[in-house]
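Next up is a structure, given as structure tokens.
Every chain is named by a letter (A, B and C) in the order it is written, and numbering of its residues begins at 1.
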Amino acid sequence: MSAGYQAPKSFLDNHGKSSGAAAWILSTDHKRIGILYLCSMLTFFSVAVVIGLLMRIELIAAGKTIMEAKTYNAFFTVHGMIMIFLFIIPGIPAAFGNFIMPIQIGAKDVAFPRLNLLSWWLYISGGLIAVLSLFTGGGAPDTGWTFYAPYSIRTGTNVSLAVFAAFVLGFSSILTGLNFVTTIHRMRAPGMTWFRMPLFPWSLYATGWVQIVATPVLAITLLLLIFERSFGVGFFDPAKGGDPILFEHLFWIYSHPAVYIMILPAMGVISEIVPVFARKGIFGYKAIVLSSLSIAGVGYLVWGHHMFTSGMSDTSRWIFSLLTFIVAVPSGVKVFNWVSSLYKGSIDVRPPFLYVMAFIFLFSIGGLTGLINGALSTNIHIHGTYFIVGHFHYVMFGGTGIAFFGALHFWFPKMFGRMYSEKIARVAVALLFIGLNTLYFPMLVLGWQGMPRRYYDYLPQFQPLNVISTIGSWIVAAALIIMFTNLIRSLFKGEKAAGNPWDGTTLEWTVSSPPPHENFEEGPVITHGPYQRT
Amino acid sequence: MKEEHKDAGLKSYVFVWLGLLVLTAITITVAGLHLGNFSTVTAVLIATIKALLVLYFFMHLKYEPPLLRFIFAASVLTLTVIIILTFTDVWFR
Amino acid sequence: MSAETEIKAAPHGDYVGAKVGMWLFLVTEVLLFGGMFLLYSVFRSKYPQDFHEAAKELSVALGAANTVILLTSSLTMALSIGYLRSGKKKPSVLFQTATILLGFAFLVNKYFEWGAKIQHGLYPDSPELLALPKGEILFYGLYYVMTGLHGLHVIVGMIILSVLLVFTSKDIVNGHSFIKLENGGLYWHLVDLIWIYLFPLFYLIT
């Protein structure tokens, strides 16, 4: 930055009349809202991690170790609810999507800034209601995050309030999706045609559509569950002619597409980081775009693969199994394209790139074990076992979680204007990678050997692998502590970050770090593709 | 959106409304005929014609850019798909 | 046309963008009710005869009256927007008021309809209802949940329209800036749209 040039005030400095906390929680600036989301999500994430650690300690030995069976049931329910509805689903879109996406498309803000703030308020209210549900009424719900009928209708625990919390969170998710889709349609900078748009906004666009068309089905399902509990309508009660399998249908009509709400933005992040550190354009830009859109579309047609042992018809089972294999194709296209982008690149192995490598490895394990689940015959063998638990943790933490932290390390200098210690960041990601494999790989083996999920107890022969898994959970915890200490320390003591510390090509790297309040001093005009180096 | 449209005049709204009332009368009459299996088909068909009238004229979809029509079509398409896929279970169980 | 260019110049005043957002919201409404239509179609295909019997209890006259009321309210809604767009505030306010009143009439009608059923002991989980065949239990379950959810939307619509009525009379919504009223109208029409399907599916399957 040349001397005498007065950089515009950053968005972190106060604007307008309010100051202090009110200037944050009432701000309609997409950047501030992104950071609000980031902080609140990481808080909930930490709580759920602690619950996860406690569960792993319980499972270090057979029989009762530190908690009662009932407590364990509440723990896995709450761990799942928090991780899914409060961390992974809003995750990347609400934090990084809010902060980065408008800048990447050259806009001043999202299309509906006030609605954006409302989304955060709904999010935080939903989160608080969820917390409230743990300590009021009949106590923390013990149904698992899936709330399957008929148990969820009969249990005396506080399911209604927890379900209402999820309903509110769903509303928040819908509004974010609606806002992003409108923003991307209407607010791209002059010259930014659809195919000049970076891949992260593309992935958010696909995600936004899934949020809009899938989440309402969850909303009605949860409302019906509340009606069942309060009025006994009978839709899911065979004694009144209803059908509990219909609950599973309705639930998974949302919750399978929700998996793509979780993973698509993660893929978008990876697609941004790869070309920056490979120092070349992305391979197969259009193929990646199309694969995002087709994942969003086909992802809607495969929910039945969660229900292969539910008593659903045979016809339905083979149709859903077949469709499930189709959805693997676009995911494979993406992995192929990322790896091809590295070919003949001059790779700069910096911390964000290490996250990419960890992602590709862990996500591939998650994806390939997914095919074993999707195949009808093998699914019967492993349904309801730890194989499933291992699989989805590989995808959720090894995929989305790793991409989330990759995004955090990638955009941290941009968001806060400070650099972190790369050395410590490398240690953290290496430890995280080792820890995740130690934690989750034994689960795959245990599941294959037949250890069922959702019990606080197990047969003695399963102990050695459970001990390894629990040790893995400690390694993960250590890695997270190192990572966050590093990042929090650098918030205050890190050296000032330049506008473009990674030599990136997309628009967010053309503005100062942290970005000015209005993002751009002069609206950008786009003349070439997002990853073109001049 | 760019073209000036006078909503084809307010008078057309009244015609659409009259059309909707006539269709309501028809659907009630037809329901009284006991057509058996066809009664549901005709009822849904007439309801769809009414819905299209509301969408096209009252909700201006006739004059809107294709994007808005596409958005609405996406909801109907999605709903159709989930109903069909659920029926692969219900019919063959 | 001049009206539109003016709106576009206003901050955050993307006219088309606001409509895109509203239509996306309508998509979520369609799918919210879509979940219920899914349940309806499954249960109806399972118990066609019970549905047929149960529907006989519903009054076609009341249902038809409510259909006419809602269709008319859609007309008044569309007219109020049309008048406002051509700068005529008075008739617009008049038709908006009419729309809200028609919504109220719909609810009054519904109140008596539900009231009569409940008086006969026909409500979810009632002993009278549980004594009926399974398909009829489900029919009434669907009837209460779907028309109830729809009624809730009518109430929300009336609240939105009341706010818009205040906006219009205070000239916040006017002949140059009418997107709020248009979007409110879209919501109201969607509520009508859903009733267009509910009416034959519940009242006309005898």
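Basically, a residue touches a chain if its C-beta (ideal position, glycine included) is under 8 Å from a C-beta of that chain, and two chains touch if they have at least 3 such contacts.
Quick caveat: nothing in here was measured; it's all calculated off a predicted structure.
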- request: Sort the chain contact graph into one of these: line, ring, star, complete or other.
  value: complete
Task: Please state whether A-C or A-B has more C-beta contact pairs across its interface.
output: A-C
Interchain centroid distance [CA atoms averaged], chain B/chain C, Å: 15
Field: Separation of chain A from chain B, taking each centre as the mean of its C-alpha atoms, in whole Å
entry: 37
Task: Spell out, as numbers or ranges, the residues of chain C touching 2 or more other chains.
output: 16, 20, 24, 27, 30-31, 34, 38, 42, 46
- prompt: Which residues belonging to chain A are in contact with no fewer than two other chains?
  reply: 185, 213, 217, 246, 249, 253
Field: Contacts with two or more other chains, residues of chain B listed in rising order
entry: 67, 74-75, 78, 82, 86, 90-91
Field: chain C-facing residues of chain A, complex
entry: 111-113, 115, 174, 178-179, 181-182, 185-187, 212-217, 219-221, 223-224, 227, 231-235, 240-243, 246, 249-250, 253
Task: Can you check the complex and tell me which residues of chain C touch chain B?
output: 1, 4, 15-16, 19-20, 23-24, 26-27, 30-31, 34, 37-38, 41-42, 45-46, 60, 64, 67-68, 71-72, 74-75, 77-79, 82-83, 85, 182, 185-186, 189-190, 192-193, 196-197, 199-201, 204-206
- prompt: Which residues, counting only chain B, touch chain A once they are in their complex?
  reply: 67, 74-75, 78, 81-82, 85-86, 88-93
Message: For the complex, give me every residue of chain B touching chain C.
response: 1, 4, 7, 10, 13-14, 16-17, 20-21, 24, 27-28, 31, 39-40, 43-44, 46-47, 50-51, 54-55, 57-60, 64-65, 67-68, 71-72, 74-76, 78-79, 82-83, 86-87, 90-91
Field: Complex contacts: residues of chain A adjacent to chain B
entry: 185, 209, 213, 217, 245-246, 249, 253, 300-301, 303-304, 311-316, 319-320
